[in-house]
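Each in structure tokens, the structures are laid out below.
Note that chain A is present in both complexes that follow, paired respectively with chain B and with chain C.
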Partner chain A sequence: MKGDRLYAVLFLAPAFLIAGMFLYYPFFENLLQSFYKTDGFFNSTFIGFDNYIRLFSDETARVATLNSLELIVYVTIFQVGFALVLAIMVDAIRRGAGFFRTAFFFPIVISGAAIGLMFTLIYNYRNGLLNEILVSLGLERVLWLTEQSSLYMVAIPTVWNYVGFYFVILLTAIQKIPNDFYEAAKLEGITGPQKMFKLTIPLILSDLKTCIVLAITGTLKIFELVYIITRGGPGDSSEVLGTYMYQKAFEDTAMGYGATIAVLIVVLGLLLAFITNKLLKRDEVTY
Partner chain B sequence: MKDEGKLRLTFWENLQQSIFSSKLGMILVYVVLISWSMTTIFPLAWVFLNSFKQSDEIISNTFSLPSDPTLDNYINAFETVNIGKSYINSFIISGSVVILVLALGGLAAFAMARMNFKLRGVLQTLLVASLLIPSFATIVPVYRMMIGMELVNTHAALIIPQTAGNLPFAILVISGYMATIPKELEEAAVMDGCNRLKMFTKVFLPISLPSFATVGTFVFLWSYNDLFSSLVLVSQEKVAPIVVLLSNVSSQYGTDYGLMTAAIAMTIIPVLIFYLFAQKTFEKGATSGAVKG
Partner chain C sequence: MKKFFLILALLVMSLVLIACGGTDSDSSGDNTSDDNDKEEGTKTEEVELRVVTTMAGTDPAGEVFQAVLDDFQEENNHITIVNDSQSADAGTIRTKINTDFSSGNEPDLMFYFNTVDAEGIIDEGKVVSLEDAEGVDLSGFNSMLEQQRNDDGNIYAAPQSGFYEAIFVNTALFEEHGVALPATWEEYEAAIKAFAETDIIPVAASTEDSYYVVEHYALAAGGMEDYKKDISDKPASWAEALDLIGEHAGLGAFPQDAATIDLAMAQDMFKREQAAMIFEGSWFWGQLEEAGLGDKVTVLPMPIKADPSETGSIVGGASQAWFISTKSYENEDTRDAVVKLFNYITSEETILRIAEATGQPPAKGELTDLPAHIKAGHDLVTNAPAVELPINDRIYPESFTHARTNVPAIVFGEKTGQQVLDEAAELAE
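== the complex of A and B ==
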């Protein structure tokens, strides 16, 4: 249309100006700052790759990275796995599907901070939900948050929180499969379990892939639950990259080093998303 | 081929077959589904129930109905930790973010979906790529910029970066929706003498309202629930949103069970009510939001 150029500029400018100033510029500035040592707020000295060298010899950073990767494994398997099982089941039932949709999805709308606080109450040694159940069954109280268990104790609410999200994506994908496919399958004598493995799952493979990539990148962003439930402890047994970055940059005011950890988070995210895409590469089905 | 397939059912497939075709199997399916819904509903019910009890009753009788329902915990939340103020802060911040994102994002989405210009492809790629930027990767420079502009611990300190962070998602989803609107409508609007701005406000905005609703609900949720940026940029009590208050309650009042349950309940109730009314919009957001992590 004539005169579009002017309008395009006028319409795009405000959004891209704000995104440019407060999203793109800080992103590149963050890269730069990872080469600086900062003490206090405004004293920065260029130190080349020192932050990166420090990162590779930092024992806590190593633990936090491994914990994040471990969480990714649990979260991907259980979040997407449970979601797939629940979606297939809800698709198969006739009554109550609406109720289950609501009941499974709603934890997503609750903030991580509230869920974290809720799970703190559930895990509490005295009067926590779990221990009260044990006591009422005549059993001993258990200390739930130990150095061995803390990472699992953080993984559980993470999985719980987001299963509904993948459930809805997968259920929508399953219900989008045209009926003709099933009818054709029926004529071929393919029913029940075969239908599931030979028809449903291959047809929603691209959605499954999306879910897995989202679960991986989403888990790298975990902060709230760990921060509230364990603060990375006991010791640094449940420290993850997000909480460690926060601690370094804003509690120890080592902003340059914090920026370096943030770069690691971005690189890991890109790398893992790339690998998953490669591994799950398949011809996409369109209908 | 089909007979072969039937003969070759593995143990696992047989199991599946019996699960989905028999009555017993259906019962099993319902048992699984009901158990999972118990795990989502029960903890919340427990929190709500206990928020109406005195702290000592929470300790002595955590599963029973409140023997003497009281609002003390809620009153306490308003008086000792000033939860009312945090509420107002949360709504000022998240409300502004939603309005800004929808207004700026809507305009940009219209241009991206319906106009031809040289940089369109580049901008589209840039938008998709920016979905991969986590807030960890921008927070240090943003914090320094906010210190420089003397905005730290004002509402604007959180509103501006959250708006910037949510714009790419909003533009992508809304422009995706606008791209599906038939060209005839655009031509009809031109015939009626609309310029591009009028075309947006009179034709495309009203038609695309569902996508605005989807984006609005999700942006609100992300903003309302964002603890990380809030802790860094608006941690002082006079501007802190409700998630920061929750995190303070957990570290300072960790033994006051009544206060904790009331604070959790108060954080959850508004979004839960919102969700029950706009469930479809939320679920649509999840599937279109599949582009953002």
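== the complex of A and C ==
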């Protein structure tokens, strides 16, 4: 046993070393920078909590936080929801399951930047796909990205991009459920919806919880789709924390303030993951 | 426990062997080099120089610059140049340069923005004062060299070529719709109104990426005297300029989706001849020629609303220039090579060779046999009563970004120009 522990330490050491170097050390540095007014390179002045005070009075940061939270709601409901429905449907069919599995998983292998560009070209007012279709049907062009709609329009590709990821997790979880459960339930006269709500979902609840936590924390990190499709606009209407942090840190070279926004993203992520775990806390089902 | 130490000892031994292997291979490399030198009968040592520029990506100068470096290396066999150039898009070059300099990995020679972007590098003494550097040849430059003089009185960078920003006008569309070219503010507004009634967008612009729009409207609203002011002065004309953008947006001057498109998409509209005007810089000619629009387009200065007699003043200058890093200059092994390369790159022959590819006004000599549209741009600079660098080259970046990204808010009537200007000035404080 002692020997096993040594091997465990030895094999884990590289992972700890790499995580320490590339994750924990940069995070500590980031935390440190949030107390400075700095461009990250040559000019650096210690300003204590000034960046945090600024963050709480920054209207754009407030809008970006609310937008991020709103996006989390859409993404969690639709990404995980669609993934669950698709997984149950694919599990139920006898032929073509392989095809659907590949088709639904496919968007995940396309880079976010490519999807962003594709949707930019779809939404474009003058030369976009949607408006070209409308014009060819003799209809007027529609401005798809407005202050009211931009966040929804960004949510669509975000959901589409990652739905396959959760679909695969949930499908694997469903396929792990022993068939005996369903056979016994069938003898009891269970109906289709009852099978889904009283058997399948309760039995994969721990996997669903994982998916929800991943969807929440993943959405907080969203950047490229928003940056490419709307650039956070019009105005601040689709600004999210990721794009605002990028703007401050790299476009404005206000690295200290950018670091403060990054701390907010981490704190929010941890807080939401904690709350989700608490809310969905339930005895694990083992079978 | 014994097993653990055994594995640890094996690991350490492997690392030592790898390290020794590396040394052996290096030393054998050195020997070969020495042998070659002996064979050639020279005592010149091999030198490697790293050069960082923005002449890469879609920049038409990229190919020519590489050819210049190849020619230099052919003439100087002992010097190897690593061309570490990358596109200037999205400000990533700034991050790269700052990271390189702050981590002690500075390039020997760099072609970078001699603006507010280089302030930190200059203040830290990371680049040499060219007038004090032995062997550096600064002769033959035109007035663009003097524009590089720093507030401390030294010249840290030598220019290669200048640029100008202006209204790029599709003359064919103006002719087709019977609209007068915008030589005055009234004609500019008339052109906006006339094109707004057609399917042609008057001005291809992004109000989010509104760098050139903000600069030109500031110049128009206050003339050159106000344009040169600092944001801390909160010039009333800058606030008026922002309001004028909002007013013109209301007239239909910009694309419907101006608040979400970027500069590239605005350029695309102009290149597809869906827009009559665009605010751009002289670097845009490369794209226009590629799109086959060179002959249909001409450049005009922004009409000055404040004082029409000032029309002709333009935004331009030479904001990018060649720097020699102090680290390279103070290293005896690289000093001669870096000075030699600097003099080669800033020679009249090389400057003209690169300028021919870009069509930019050169910092030495003069380009001949220019196409009419390129010459029109050069004449714009020659005849300009005043030329001043873009606003964002000299003010605190966060302030300019705030003003630029708040243009959509002004267009939507959520903020006034004065409000945005006050907020931007506050950030600079």
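Throughout what follows, the second predicted complex is superposed on the first by the 265 of 287 C-alpha atoms of A that agree within 3 Å, B and C clash if a C-alpha of one lies under 4 Å from a C-alpha of the other, contacts with A are read in each partner's own complex, and residues count from 1 in each chain.
As a working rule, contacts are C-beta pairs under 8 Å (C-beta built on N, C-alpha and C of every residue); 3 or more make two chains touch, one makes a residue touch a chain.
None of these values were measured; they are calculated from a predicted model.
With chain A as the common reference, the superposed partners chain B and chain C clash. In the superposition on chain A, contact is made by A:L220 with chain B only, not with chain C. Applying the stated contact rule after C-alpha superposition, one finds that A:N43 touches chain C and leaves chain B untouched. Of the two partner chains, chain B and chain C are each touched by A:F250.
In the superposed pair of complexes, A:Y125 makes contact with chain C only, with no contact to chain B.
Judged by the touch definition given at the top, the superposed model places A:A184 against neither chain B nor chain C.
In the superposed model, A:P234 makes contact with chain C only, not with chain B.
In the overlay built on the shared chain, the residue A:E147 is in contact with chain C alone; chain B does not reach it. Contacts of A:F106 after superposition: chain B is touched, whereas chain C is not reached. One of chain B and chain C touches more residues of chain A, and that partner is B. Comparing the two complexes, residues 3, 41, 120, 126-127, 250 of chain A contact chain B in one case and chain C in the other. On chain A, the positions that touch chain C within their shared complex are 2-3, 6, 10, 39-43, 120, 124-127, 141, 143, 145, 147, 150, 229-236, 247-248, 250-254.
Remark: chain C residues 1, 3-4, 7, 91-92, 94-95, 98-99, 101-102, 120-121, 123-124, 201, 208-209, 255-257, 259-262, 265, 268-269, 272, 274, 397-398, 401, 405, 408-409, 412, 414 touch chain A in the complex. Residue ranges of chain B in contact with chain A, taken from their complex: 2, 5-6, 9, 12-17, 20-21, 26, 29-30, 32-33, 36-37, 39-41, 43-44, 46-47, 58-59, 62-63, 104-105, 107-108, 110-112, 115-117, 123, 126, 130, 132-145, 147, 160-161, 163-165, 167-168, 171, 190, 195-197, 200, 221, 224-225, 227-228, 231-232, 243, 246-247, 249-250, 254, 257, 260-261, 263-264, 267-268, 271-272, 274-276, 279, 282-283, 286-287, 290, 293.
Considering their complex, residues 1, 3-5, 7-8, 11-12, 14-16, 18-19, 21-27, 29-30, 33, 41, 82, 85-86, 89-90, 92-93, 96, 99-114, 116-118, 120-122, 126-127, 129, 132, 136, 160, 163-165, 168-169, 172, 188-194, 196-197, 207, 210-211, 213-214, 217-218, 220-221, 223-224, 227-228, 241-242, 245-246, 249-250, 255, 258-259, 261-263, 265-266, 269-270, 273 of chain A touch chain B.
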